[in-house]
Amino acid sequence: MNVSTTRNFKANAAEQLANETLRGALTKSKGHFTGGRATAAANLPEFEALRDQARDIKNHTIENLDFYLEAYEEKVTDVGGQVHWARTAEDARNIVLEICRSVDAKAVNKGKSMISEECAINDMLEANGIRAVETDLGEYIIQLRGETPSHIIAPAVHLTKGQVEESFRANHTHLDPDRVLEEPPTLLNEARTILREKYFQAEVGITGANLLVAETGSSIIVTNEGNGDLSQLIPKVHIVLASLEKIVPTLEDASTILRVLARSATGQEFSSYTTVSTGPKREGDPDGPEQYHVILLDNGRSDMLGSEFQDMLRCIRCGACMNHCPVYQSVGGHAYGWVYPGPMGSVLSPGLLGVDEAGHLPNASSFCGRCEEVCPVRIPLPKLMRHWREQEFEKHLSPGAARVGLGLWAFFAKRPKLYQLATGLEMRVLAWLGRKRGRFTSLPLAGGWTKYRELPAPQGRTFQSRWKLGERPQAGGAQ
Amino acid sequence: MSASDRNTILYSVRRSLGRSGPVDDGTAAKLRARIAGHARNIVPARTDLDDAGLVDLFQTMAEKVFATVERVSDMSEVPGAVGDYLRRENLPAQVVMAPDETLDAAPWSDNALMDIRRGTPVEADQVSVTSAPVAVAETGTLAMFSGPAHPSTLNFIPETHVVVLPASRVVKAYEDVFDAVRAQMGDAESGRNGLPPRTVNFITGPSRSGDIEQTLLLGAHGPRRLHIVIVEDGEQDAPQNG
Amino acid sequence: MSQRSGVALFVTCLVDLFRPNVGFAAVKLMQDAGCTVEVPEAQTCCGQPAYNSGDRKDTIAIAKQVIAAFEGYDHVVAPSGSCAGMIKKHYPEALADDPAWLARAEALSAKTHELVSFLTDVLKIEKVEAAYDGTVTYHDSCSGLRELGIHGQPRKLLDGVDGLHLRELNDANVCCGFGGTFCVKYPDISNRMVSNKMDEIVATGAETLLAGDMGCLMNMAGKLHREGANVRVRHVAEVLAGMADGPAIGEPKVASVKP
């Protein structure tokens, strides 16, 4: 099942840092996303105000979540759909299996869904003899490779076209081995042809939902490929997997969120396909599913409500934070070891897995603040990461050496006279030791620093001791 | 079982929000009113244009996302325009077409060479022709409503999708589409029986993917080509179902 | 608000311990602008290391110490965006549960500034009397940029320095990888970030790198030196104060051979 390796973050990160293919792939994608968002924001004068409104809509909904969930459920039922409530990932798996069994499903087509990753739906289906086919191109590629997504909206961002070609050749063995398959257009064509067949073969289609609308009982998906649409229009059964906090009150509220979603994610003003689905097909409809099921997943969200992490429930899964995060851009998504990478993963994963399991993630941040700067719903991500660090500190989960070092520093910092005495001497000693070159290539206790950098030597006497001795700067002129 | 899961989840949500039960009646009434009022939030000012301006904006935005757009004066020119387009693109003059009233009004029989089947597409269909009930100038977005006269699969299965759009159906923003949906729901004659369409597809350009090295490629699963024929004098009515 | 009045210098631990020249440069800049500058004795650290490590207790103790030592002055100025940001933005957060101290933190916050923005935004300095012959590039430290909005101000003053030519750094606003304890807790990741930063610095062809935060500067200087890059690193205050003739960061006192 979806096992987390977040405990091994450091080792995972080291491995990914050494991966030159990954480095090339990330370098290629980075400017694309950040440049795209910047352009989109610049082209919409109302963008900042829309971010504020999106934040307010999510806050309002979260603060009245139970009301909106019940209102939503009522509407879904009115239009002939069925709402299921899943407390845990296992509950979600059981419900999906039950529905699939009820129509004797042999194959399930999947639109991209991070909730399905969180609940390890594919593994469960395969274990029960049901073929799960990822239809999103990026998800399809990583499914062939037996990998997990490395980004919440661009699952295969870590791969080069060479790696995609290699996977296609290895798996599409019924095709001519001498065919030309190097360039992205030929790769796309091949995927399109293969998946086309599969669209008509599944009894069940599973999608996620970017939004659920209480007003109408609708679910909304946002794609560029159209795969989520084909996955839900052709099969007999459409299952929507959504966590509780996906809900918004009205279609107008959904419009506001949609306006900031694609712009923040890829820089598009609107994705190619934004689809509002309401219930099963109507009488007289020539296509569409006969059954419409929505599985509402809790899996830790209701616990985050009312806590100091409540803001995280505003997340609309755009991926802007990881696109702009220098840590994510260095190690890629797999280093995070579970479903959700980057800054949002660093806040969410400890909430869903526990801080002792996922504690590394909120620590592996320099708090540069770029994530918060670009978050369309203004989640204070560094602050929330700091809250996790506070919890770890209180639970004594932080590594011993760091704790001792910081404790020592705080001890002196709270005692200015002692601090000045100790540092006055120490800096002079270090300055003398480093006088020849002005820096240290190695120094006891400074291994973390000097592994990769020289350590500049102190100048000598501290500022405060010099000031106390009466030293003052020469006067000059400023205007 | 699901019923107790439901109660457990709602209980957990309420407890976290500091309540022992549902919101009080006053709050519930306010929240219901908020839903019923479906007030608009900010709508970008770029849509503050007159009708002609909106059509121009629609075209500009649609072309930016690689839809192709042409304009004809009235419905009588549509079959010829579609036929010419297919020829230009080296596509067979063989289409599957939505069985809707808007398209009924065009003289397709004028173009004897075009093979037209009205209905639902199959895998072998290469070209679909539909109308659009409404289009959004803000981002060059078409809005399609599923129904007996418009199978949604027409929007996705064939590689080429041709859309006939009367100019009067171009509206400013997504909110206007939703008002059109609500109007149909409230209209006894619409055949909607008080329900929204099962599927509302907002379509902005052809299908695409950037999943392979961020290279933008058209035609990932949905259509590779989206061709929009704007009919200047298509009709005088407000947006309606095709 | 009187502009030329009692200023207390919050020297910051890194300036105090590693590069006092920056402190003297800060004092000089403010004195030349007509301020009276004092240096309260009871100062050590702003408390960021404790705060970012989740140690609320020590953070609060240090914050109270700083507030008590500095609140009597008209302005508090620090040659560091991150330390000024800590006092300005985070002290009120840390003391949010204590109404009396919160009020004092907010009062101090209102009169705490980073050095360069103090000169331009409060003292309305348009130009400093300084000369620096050479090309420089400038790194925007994260806290200063995102918490305090410092971007145009150093560029404006550098623009008026005679002989100085500024080349903009590509990705100037991307983190250099210091992040306080981050760089020693996750050295591999920090190294990748500072390596990327180094590549961009070298690509500008500038002889000198400037920034407003000693942590960033020491991190970048350390990497540049380790890789043998021919770039000298200084705090922007040194250049603005015309005190940039001594050894740059990580250089020995007698720089007989250019590193």
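Letters A, B and C mark the chains in the order given here, with residues in each chain numbered from 1 onward.
The definition used in the following text is that a contact is a pair of C-beta atoms (placed from the backbone, for glycine too) under 8 Å apart; a residue touches a chain by one contact, two chains touch by 3 or more.
Nothing here was measured: the structure is a model prediction, and the numbers come from that model.
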Find the most central chain, measuring centrality by the gap between its CA centroid and the centroid of all protein CA atoms shown. A
Could you pull out the chain whose C-alpha mean position is farthest off from that of chain B? C
If you average the CA atoms of chain A and of chain B, how far apart do the two points sit, in angstrom? 30
Could you give the separation in Å between the centres of chain B and chain C, each centre being the mean of its C-alpha atoms? 54
From the C-alpha centre of chain A to that of chain C, how far is it in Å? 32
Chain B residues touching chain A in their complex are 2, 5-6, 8-10, 12-19, 22-23, 27-28, 31-32, 34-35, 38-42, 44-46, 61, 65, 119-120, 123, 139, 141, 146-148, 151-153, 155-157, 173-175, 178, 181, 191, 193, 195-215, 217, 219-223
Using the touch definition from the top, list the residues of chain A that touch chain C in their complex. 10, 13-14, 17, 326-327, 330-331, 363-370, 372-373, 383, 386, 388-394, 398, 402, 406-407, 409-410, 412-416, 419-420, 423, 427, 434-439, 441, 446, 448-449, 451-459, 461-464, 466-468, 471-479
Give the list of chain C residues in touch with chain A in this complex. 11, 13, 15-21, 23-25, 27-29, 31-33, 39, 41-45, 47, 49-56, 58, 61-62, 65, 93, 125-129, 142-143, 146-147, 173-175, 177-194, 196, 218-219, 221-223, 225-226, 241-243, 247, 249-253, 255
Can you list the residues on chain A that touch chain B in the complex? 25, 28-29, 32, 44-46, 49-50, 53, 57, 63-71, 79, 84-87, 91, 95, 135-138, 141, 154-157, 159-161, 164, 184-185, 187-188, 191-192, 195-196, 199-200, 214-216, 218, 224-227, 229-230, 233-234, 244, 249-253, 255-256, 258-259, 266, 268-282, 284-288, 296, 298, 302-307
